[in-house]
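Which chain is which? They are A, B, C and D, in the order written, and residues in each are numbered from 1.
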């Protein structure tokens, strides 16, 4: 038995609400976090920070944002990238136009701006439902990129229409090295993930799920539908906005509005489908999957299949694999990797017995 | 459903194998390495296969013909980006360290998005970023962007040269007064980039300019061309991208606008832009920094030493001499010359990125040198410096005869003096945002 | 005024091109309740297969037949592998499955035929016609006629044939249709195959307009607002929606564009569709279901 | 029969696309009584419940509740006034656990804001414990403890009906509307459900309006019966009165259900 549960009883409702009721699980989480904060910065190299860990963290956060809206509140959206763009461009402008604006505050303000835009495009959700709502989010997707390209003010009249990360300095510490950018991203994502976890397990989270599962019944028991939906849009867009700012500032450094196009929205949707809708952990698993699979395939081919398989065909293959996996998960395990992980853990609890 | 995780050890093994090859073993190889962020699939695959095919063939050619530069052979490896920014970044980070001890010379992504995303990294890693014929206009100012090289032609020079050509056709720049010119541009930062310059030129020469946007991807242009028909312009400048180009030509035909009064820019000038429009493309004019075809000694030599020997990179040999292939060859020539120049100063050995950067800044290709390279007429005379990372700023004009491009002009020079202050204004703004102190170019040797 | 009419006609004709893609959607939605995002990829797949065969020297009609066969095989595979295991799942799941499907089809198309850009000449000249001072495109007129013929054929298929009648029964009430012994799976396969055929026709016409290349699959984005305005379940609605979207987006681009900065064709149809929805939440031709609790 | 009316319907009419579903119905329900709505299928019983708690808005008529009159009721407003209900086809939140479903029933009693909950500060921790305690009481009351953490969608039908009742009770309603709470149950389960309803009325003083087809159960359970047929009221009174009403016999009982 890997887990020993005997002797651990919950005695208060507060303790019963914990995500990890066993001390082993809590301990594992703290160890993981400690490792990520204190050890990884010293053992990682540029490649790991810049090409794997930072995009993984940022995409996890974006997945988290969309998951609130789609996985918890049941409102499907194809406009995630637009809200990321709003966050990125807003954070850039706050940083640029207000002298001495602290970096973290500009992230938060970027998030708030995205939240406001999210609420505007969420307003139609009261009257229209399901696929029809796609129209609203797609309108957001196309309209936001159009505005950001059309009006030079947003990119400070840059001739190439791009925005560039400001110096990443917080309280005198420079975070612009790869390890620094990683730590900054990790810190922001960790804090937001904890807050989000609190929200989904609180009253608001229950409202979202109620609206998702049956909105008529939710209205009947007194849940204010519009407020609940709009809060879902707002908080989801807030997280996406911060993810966008991180994407621009800590990951790429320079971005154009085109970097937040429809295919990015799809990518984020795939993260939550593969990772697991209505799960916090799922976003991290899904993002890891979507970041690692292409790298894995391309490395394997570069090292073993070089000259055997045309690299172009390999990319086609990868596309097919992605599509097939999405369908596979939808058919076999709609709750995604998060559910598989849970099953694995339950096996570990009773191991070596089978049941 | 648990079956996919039944063998966790196998999965972990696969991951370790997949990710394990990141470091690379250091050996003292006498080779210079080019990391290639190529793209051979996806929407822009046609451009990628041509460009990287030409680039690789030229490197191979130098290896076979001369045994590399001063005995230092070239080596390269490809990493597929699919024109996707994150993949480009991942490839950059994976390949920047060099290969088996051979240091990386420069990166050549041929993608605006990837170039932007690796711009900061290039400076931090001291690895030149070559954005031939494209990229940030203000990176022309090498004092602010020491590691970025928009070689030959930046976007501003493009339009300036086109206007000069139109002036030429009209019998002098003073004859431009009162002419009507429409610019049809792709609805993206790239498409909009040159609008202020066009406006400036319109004011200067007194022609009537109308800017019309085509939203991405541009597969529907009915309203734009009806508008053009109403304006009845003398010339249409097409600043297109991808599918927008053939659709523009087809719609022009549909609305009765003659193709030989449409001038395509640098991303509207390939076979892939004209051919899908079929007969509608006949007569279409575009700029190019290099003629297509194989009528140059260097290309014939590549055909002989590399391709005929079965060592070519192209799968489809028909693409030899196409616009993208030749661009790849030109790009190869410029990269190799930079290495050659740098070796002359730093020694006949594999060079670091920083040393190659110096080489780029000191490239000087005059007619004699170009003849020696077998590239006279293919590459324009080019002289780079610390403050000028573009160098040339000239284009030739070509016309589509229904099957291929025919060059119809000599080199037409952009008005670079006019553009320089605007470029500097932009680069200084960037320097201020980023807290960069520009280099003092008078002190560079 | 002439100019206005010209833009209007151009828009209406372009709108019919959107309708062509939208009709494929409607068929599938009607029969299986699936919002098929992969319709665009099917258009790409069909056009790419057709043009690649043509370039290898296969005669026009033979290529057409082979491509149609390929679309039928594709439909069969989709029904077997994707739809059948997902019976009775929420519509949103099915929608996401079609997203995955679109990836598979795009990857497959390019793996089979490569990523080159192909020109496609259907032999229809596109010299403009002057009619009363107005410019008309021969090609667009041909495309409009094709769309009309297609609608005619489809309505004959649905109203006169056995399979059509069972299809309407399925669209009306799946359970009742099952109860009277209609084989749901067969109906689905037929419908996806017919949608594949519509995709092929749309692919040829769009391919001739744009060249056959990857961005063909993006026409799906033009078809979405058409569907929203027309309603998901009505072929007539798809035509009307196409006309409305085509005309209004062209007029907006020409008359509204210069005021706010041009290039608005990407989002304008969506905003228009959104406004429509706020007034009529189920589209013009769709009927709003009464929620029973 | 209790004297003070809690619910008073006056001349309610409702139509769908021109078809009258409810035609000019009026009746009152007294404080603390159990009132049964009966009538054949399509008589308009569910529609009437939907009007009372604002799922449908009537074309005409006035709803009086707790001494106040409303021309139209919104469902949220109805919940705020203390009207809770269950549904004919079970409208639980299928993806959530039993406990979470019951907790949603208490949503109007939650005092802390979502920001407090996100940071787990201010009123949030004590609030959550209070709600949890109340929810547990209801869970005990309806004896569904052992399924507390099960996902509702996985439970059998009969249990789901009970969970739905629990969710409605968690709101501490003044008026409880039950739409066929015993549909599809065997006699043992029906007896159990009946006793829950009676206990609810006795213990919490809740007024109940329910729809039920099993006449035996109705007669045993209710203080007051209203009979509908084709959208019209055909009978109104105590079970005994209704049983003897010739119109009712003709319209409903006469068909020997």
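Keep this in mind: a residue touches a chain if its C-beta (ideal position, glycine included) is under 8 Å from a C-beta of that chain, and two chains touch if they have at least 3 such contacts.
All figures in this text were calculated on a predicted structure; none of them were measured in a lab.
Participant: What chains do subunit A and subunit B have as common neighbours?
Facilitator: Touches both subunit A and subunit B: C.
Participant: Return the chain whose centre of C-alpha atoms lies at maximal distance from the corresponding centre of subunit D.
Facilitator: Greatest centre separation from subunit D goes to chain B.
Participant: Taking each chain's centre as the mean of its CA atoms, how far is subunit A from subunit C in angstrom?
Facilitator: The answer is 33 Å.
Participant: Between subunit A and subunit D, what distance separates the C-alpha centroids? Give it in angstrom.
Facilitator: Result: the chain centres lie 41 Å from each other.
Participant: Roughly how far is subunit B from subunit D, centre to centre by C-alpha average, rounded to an integer in Å?
Facilitator: Their C-alpha centroids are separated by 71 Å.
Participant: In whole angstrom, what separates the CA-based centres of subunit B and subunit C?
Facilitator: Distance between chain centres: 37 Å.
Participant: Give me the residues of subunit B that touch two or more other chains.
Facilitator: Only 40-42, 45, 187, 215-216 qualify.
Participant: Please output the residue numbers of subunit D that touch at least 2 other chains, ranges allowed.
Facilitator: 55, 87, 91
Participant: Touching two or more other chains, which residues of subunit A qualify?
Facilitator: Residues 146, 149, 216-217, 312-313, 316.
Participant: Would you mind writing out the residues of subunit A in touch with subunit D in their complex?
Facilitator: 12-14, 16-17, 195, 198-199, 202-204, 206-207, 209-210, 212-214, 216-225, 231, 278
Participant: Across the complex, what residues on subunit B touch subunit C?
Facilitator: Interface residues on the subunit B side: 40-43, 45-46, 187, 211-217, 219-220, 222-224, 226-227, 229-230, 242-243, 246-247, 250, 253-256, 272, 275-280.
Participant: Show which residues of subunit B lie in contact with subunit A when the two form their complex.
Facilitator: Interface residues on subunit B, with respect to subunit A: 1-2, 4-5, 14-15, 17-19, 21-22, 38, 40-42, 45, 49, 77-80, 82, 85-87, 89-90, 92-94, 96-97, 112-113, 116-117, 119-121, 136-138, 187-190, 192-193, 196, 215-216, 315, 422, 426, 429-430, 433-435.
Participant: Contact residues on subunit C for subunit B in the complex?
Facilitator: Touch list, subunit C to subunit B: 3, 6-7, 10-11, 13-14, 17, 110, 115-121, 126-128, 135, 137, 139-140, 206, 209-215, 218-219, 222, 249-251, 253-254, 257, 261-266.
Participant: Which stretch or stretches of subunit A touch subunit C in the complex?
Facilitator: Contact set of subunit A toward subunit C: 76, 124, 127-132, 134-136, 138-139, 142-143, 146, 149-151, 216-217, 262, 266, 269-270, 273, 312-313, 316-320, 322-327, 330-331, 334.
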